[in-house]
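In the two assemblies presented below, chain A is common to both, partnered first by chain B and then by chain C.
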Partner chain A sequence: MTTVNSGLSRARRGIAPGGAGRPAPQAGVNRASKLHGQTSRTYFWLILPSVLLLLLINGYPLVYAGIQATHDGSLIDAGNFVGVDNFSSVLASEAFWKAVQFTLVFTLVGVFGSWAVGLGLALLLRTRIPAGGLFKVLLLLPWVVPIVVSSTAWNWLVASPDSPTAKLFTAFGLETPLFLADPTLAAVTVCLFKVWVSFPFMMMMSAGALTSVDNTVYEAASMDGATRWQQFTGITLPLTARSTYISWILMTIFCVNDFPTIYLLTGGGPVDATTSLVVYAYRKVFQDFQTGPGVAVAFLMTITLVIVSTALYRQIRKSSVE
Partner chain B sequence: MSTVLHSPAAPPAGAGQAPAKERKRRPVSEAGLRGRWWRFALILAVTAVVLVPIGAVVVLSLLPAQASTTTGLTLENFTGAFEKTLASTWLANSLVVTLATVVVSVAVAAPAGYVLSRGKSRAVSGYSLLLFVMQSLPIITSVVPLFILFANLGLVDNLLGITIVYVASTMAVATWMMAAYFDSIPVSLEEASWIDGCSVFGSFLKVVLRNSLPGVLSTAIFAFLLAWNDYLVAIVFLRSNEIFTLPVGVQSFFQQNATDWGSVMALAVVMMIPPIFVFAALNKYFSVGGIGGSLAGR
Partner chain C sequence: MNATPELNATGHSRSFSRRGFLGLTAAAAAVPLLAACGGGSASKGGGGDLIKFWDMPWATPAYNDAAKKITESYVPAGSGPKAGYQTIQWNNFYQTFSSAIASKTGPAVSTGGGFQAFQFDQQGQIAYADKVIDALKKNGQFDDFLPGVLEPFQSDKGYVAVPWQLDMRVNWYRKSLFEKAGVDVPKDWNGLLEAGKALKKIGAVGFMTGAGAGNFLGNHAVVQMMVNNGGGVWDENGGIDVMNDRNVEAVEFMYELYSNGIIDPAGVSYNGDNHDAQWKNKAKAAYGPHVFGLNNRIGDTSGDLLVADPIAGPHGDKATLLFPNNIMMYKNTPSQEASEAFLVYYMGKLKDLWQQKLMNALPVFKSITELPEFTSDPNNVKIVKEWQPIAKTFGARGTKLTANTAVLDGGQALTQFAQTVLSGKGDAKTALKAFEAGLKQVVKS
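Here is the complex of A and B:
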């Protein structure tokens, strides 16, 4: 049994969702309208638990966060209203902009690095390879294993001067690198770690998109003398473009909001070189106990993400109607 | 993006199948065979490099400590780690929280996904947008206000508290996954049961849900991974050692005993066995590709 989603194929065939493929029950007008009323009522009850949960766990805190961001309180004390002071102090601080910068780098590398690796492996696994099925499962492990486990393993591999990687560098006569102590190297290591954790997700997304590409298109192209690279840029990329776009969006969201990948490997250091916005907000609230500025950072991220994600969502919907 | 298939057992459905079969019958040229082994070597090398950190965890957990007299491989790190720490309590906590999250999130997401799949009104598409926006928000924004709310309700340092947060954070993706699966079930099945006098709710339970085991499993795996692997929510809401889940417990032990690699890695192995086991047993049901289609489809 496979999970088949008709969304895309439906869109490609030019049929509106819930349209022709899904006729209303035709059991006489009276019965149909009676059923329709019952349907709406049932739908209401079916979706209610989910809506309540979202309002309580996501909606309410959002409103409360807005209140906290404009007060100078702490975790236990609500504090006084200070207007936009928290926002202006955050926006004026150098550390905030450094965190913005790192978040951008981390996200760009995370999204495109994991996409490139994931797509490459998906393409490779699409061909016939001995034990291909086993590799597909093994390559998913970095995504399946808890971050606490993999960050511990990476720490052992790279952290100290007598870690295996450092020894390897020394054995080749190179300078012993301080992967997590040097600001630039630490940033590189964290980004690599993120790619390592995330590429299986992109591999799954790409593999899913590739199964919908008809093999005969490639056969026709190679008969016309198209090279492998031309087939890739001329067939694979355009035919999977929409799904690629969606996977970029999802991965961007995952990267911007990522906390454990960074925090567990470096804790945001050295000298804040790997502090992303989420880590910055977390440290403000739970280590410096400055709830107001910390929540203000999270709130700024929230507003940006709401605007961006609404726009992207519209874009996805529009592209599927074409 | 009709399907995600990383299951060796299931061949890709539809268009790609016929040519693949044809090719199988054709004799493989020597160059084709050589290409296949080159690709095998390449993927073997990549997989080996990718798995180094995970392999290191396993090996280190089995090597005896330097002070120990045992040679060869040993399980003493495991017995030692369970004696030194509250690992058995943490393990039980993690299992309880994860199972509760899985059950509740499927129970809440399945009906919502059904409405998302079958509903046509503006309210339904509005709800879909709401899910997408909620999914894109940093969890840190809700964590601080929730901490204060939960403190008043006695849910801080409480397993029920983090379970509620986990269920809420699975909601968007779980609903999309369920909806994506329900999309593949023909509406005519329900219509037939309506004509037989079945209510809408009855047909959802007896006809749709009963035929959706792969969709339910896929959602359950997702919820399992999220709850089992989470660190951020647990570190914020859990305060005392005996309430910790495995990730927080192991991390706190690691921070205090950074050189006791044997025990740390033994606990790490304990932590990664359940997700690997679940994934190995059920991975053919797991599909993330549906999420994309589900997002785009309505």
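Here is the complex of A and C:
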């Protein structure tokens, strides 16, 4: 067991059998440091235009949204300054917390469900299977097809008692399921739809990360007697961790901000069962015409996303250092 | 061999700075803010040399082509500005109008949402149409209006807009299903209940509606039943009056319909297409409220799909819902006189749209309802004779429309209420109380 663990530990650090690990510090550190400084400056100048563009694109809406969130106006007129009233009214609303709850479920299922499916398929496609390339292309379709098309397809599959999926259930003697009309089933359906739409992205991210793991690492682990599961938990997951955390951050942002997946399939219903925060904000602004509270919700979402992203970023750093 | 872990552990990960990352993350996370605060597609030129007329896709693209032709054929008197036509899509239309108006690039004249004129009037953007009404009085068109269609637009300050077509809820039935079930088409609520039970036995739905994504017909159906019973959301002065006895009675009846399996339990999630599909299915939807011209909408003009008689509530009341779509004028115009002259001209040309059979809506002018192109469908004649006279607006029990009716129509409070009722959850009084509380949160007094 000790041999296995020590082998896995070496493998996790990317040291092949017989390898010596990190190279010893060499002379000329100052020169390297100077070069590193020059490289950093180059990076700075290369990235500056993009950052400036992002600031310009986001700066104005952010400032204007800040004004709207603290006023009681409309889309045309900012109205009167109300301080944090919009935030406090939103935070006191039961509907807001219900939306928070669904957003959490939707995001957790969306991120980890699509990651699990995506990683599983990436591992499967890593093995040599016939027509693997074709499968890869086909598996990308849910991500590639416009969401309007896929939501229409899912609606056709589940919306009414005459839909194919409902008929399948009744063919097995089960009660006709109300996939979109029952609040719990609607939430499950929307989450499954999100996983279906998102897993190709996760599959691509995982496949990319897996290609960077050298096969000899697995060979070394096998020689040390590691089982498949030990290789997966001891090599695959740690060595793809950085990519995994990045994909989690991105998917968290995608899920929290996802409007069309929910709105096109259920509109947030029935009885708000699938209303996420972004749908709630939209409905506040464009259906209840309450611009201030709606934008306040969007602000709260942004703050939360930054906090979550920061936490995940720390994980990236940790995984890099390890 | 060691390249990947080495890169991960040193140089590249450190130059990927936390501050930079946070900046980029914040930018990406700001998407909801961008979405919420808008910046819609403001189109160019509210003023300039043209009277800009913005119109919605009310029917097939042929409608917009014809409306464009009418607009561009406008010849102003003297040296007044000509008119230009632009189609505005329904998606985010309120945002489109709002951002254009805010940036002074909006239209001078437009169609739009049924209550849009009242919302923009509340924000001081609407030019009143009193002079247009005066001109219509002079040219005889004023007397041609169907009864009661102008009244909702008359505010204390003047006419907020001019109606040009009516979106009405009428009850339709499929004749063959009633024959198969061996029951009469209902004439009152009790008849509706009994017919529904008989239709259920043959697998048909006795009260079909839908309240899924983007489908507001279910919301309208519940309010229609309340109005049909002499109730309504507002009192005579426009204040909220949800908990009146007539409403309670109507909603209790809806729950009774649901508990007897007469309302399709899946209907609460039907979007527009799902809803229409139930009517296309000749074995499914047997009776229920829908729009004017349902037979044309779903392509069933065989004569099996017919407009039913208005049904009487338990107290003998008969009423339905009417949404008078209208044309409004804005203060931002190259010339108010020119806007008015164009609108008077356009109202005079409305007949062309029905003569070309481009409209699937009830016209506002009696003379158009007498055109052979309109009367060729007996359903249309029945709607004009039996349904239009009993129709009330969303402002019922009051007679005036206000900006608050926009908050009601499509707002979260009504959607949640209608979905609660149509899914048979809870009871009538609890549902109505929640509706009232939700409405009070968003309605400006």
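Going forward, the second predicted complex is superposed on the first by the 248 of 322 C-alpha atoms of A that agree within 3 Å, B and C clash if a C-alpha of one lies under 4 Å from a C-alpha of the other, contacts with A are read in each partner's own complex, and residues count from 1 in each chain.
Throughout what follows, a contact is a pair of C-beta atoms (placed from the backbone, for glycine too) under 8 Å apart; a residue touches a chain by one contact, two chains touch by 3 or more.
Quick caveat, the model's predicted, so the values are computed rather than measured.
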| item | value |
| --- | --- |
| Which superposed partner A:L138 touches (first chain B, second chain C, both, neither) | first |
| Contacts of A:D162 with chain B and chain C, given as first, second, both or neither | second |
| First (chain B), second (chain C), both or neither touched by A:A186 | second |
| Touching partner for A:L305 - first (chain B), second (chain C), both, neither | both |
| Which of chain B and chain C A:G269 touches, first, second, both or neither | second |
| Chain B versus chain C as contact partner of A:N215, first or second or both or neither | first |
| Touching partner for A:N257 - first (chain B), second (chain C), both, neither | both |
| Which of chain B and chain C A:L108 touches, first, second, both or neither | neither |
| First (chain B), second (chain C), both or neither touched by A:L91 | neither |
| When both partners are placed on the shared chain, which of chain B and chain C touches more of chain A | B |
| Common interface positions of chain A, toward chain B and toward chain C | 21-22, 39-40, 43, 47, 51, 54, 57-58, 61-62, 64-65, 68, 75, 212-214, 216, 242, 253, 256-257, 259, 263-264, 277-278, 281-282, 285-286, 294-295, 298-299, 301-302, 305-306, 309-310, 313, 316-317, 319-320 |
| Chain C residues within the chain A interface of the complex | 1-2, 4-6, 8-9, 11, 13, 15, 18, 20-39, 92, 94-95, 98-99, 101-102, 119-120, 123, 125, 211-214, 265-271, 273-274, 277-278, 281, 284, 406-407, 410-413, 415-416, 419-420, 423, 425, 442 |
| Residues of chain B defined as touching chain A within the complex | 1-10, 12-16, 19-20, 36-37, 39-40, 42-44, 46-47, 50-54, 56-57, 60, 107-109, 111-112, 114-115, 118-121, 124, 127, 129-149, 164-165, 167-169, 171, 175, 180-181, 183-184, 187, 191, 194-195, 199-201, 204, 213-215, 218, 225, 228-229, 231-232, 236, 246-247, 250-251, 254, 261, 264-265, 268, 271-272, 275-276, 279-280, 283, 285, 287-298 |
| List of chain A residues in touch with chain C within their complex | 13-16, 19, 21-22, 36, 39-40, 43, 47, 51, 54-55, 57-58, 61-62, 64-65, 68, 74-77, 95, 155, 159-162, 178-181, 186, 212-214, 216, 239, 242, 249, 253, 256-257, 259, 263-272, 277-278, 281-290, 294-295, 297-299, 301-302, 305-306, 309-310, 313, 316-317, 319-321 |
| Contact set on chain A toward chain B in their complex | 1-11, 17-18, 21-23, 25, 27, 35, 38-40, 42-43, 45-47, 49-51, 53-54, 56-58, 60-62, 64-65, 68, 75, 121, 124-125, 127-142, 144-150, 152-154, 156-157, 164, 196, 201, 204-205, 207-209, 211-216, 219, 240, 242-243, 246-247, 250, 253, 256-257, 259-260, 263-264, 277-278, 281-282, 285-286, 291, 294-295, 298-299, 301-302, 305-306, 308-310, 313, 316-317, 319-320 |
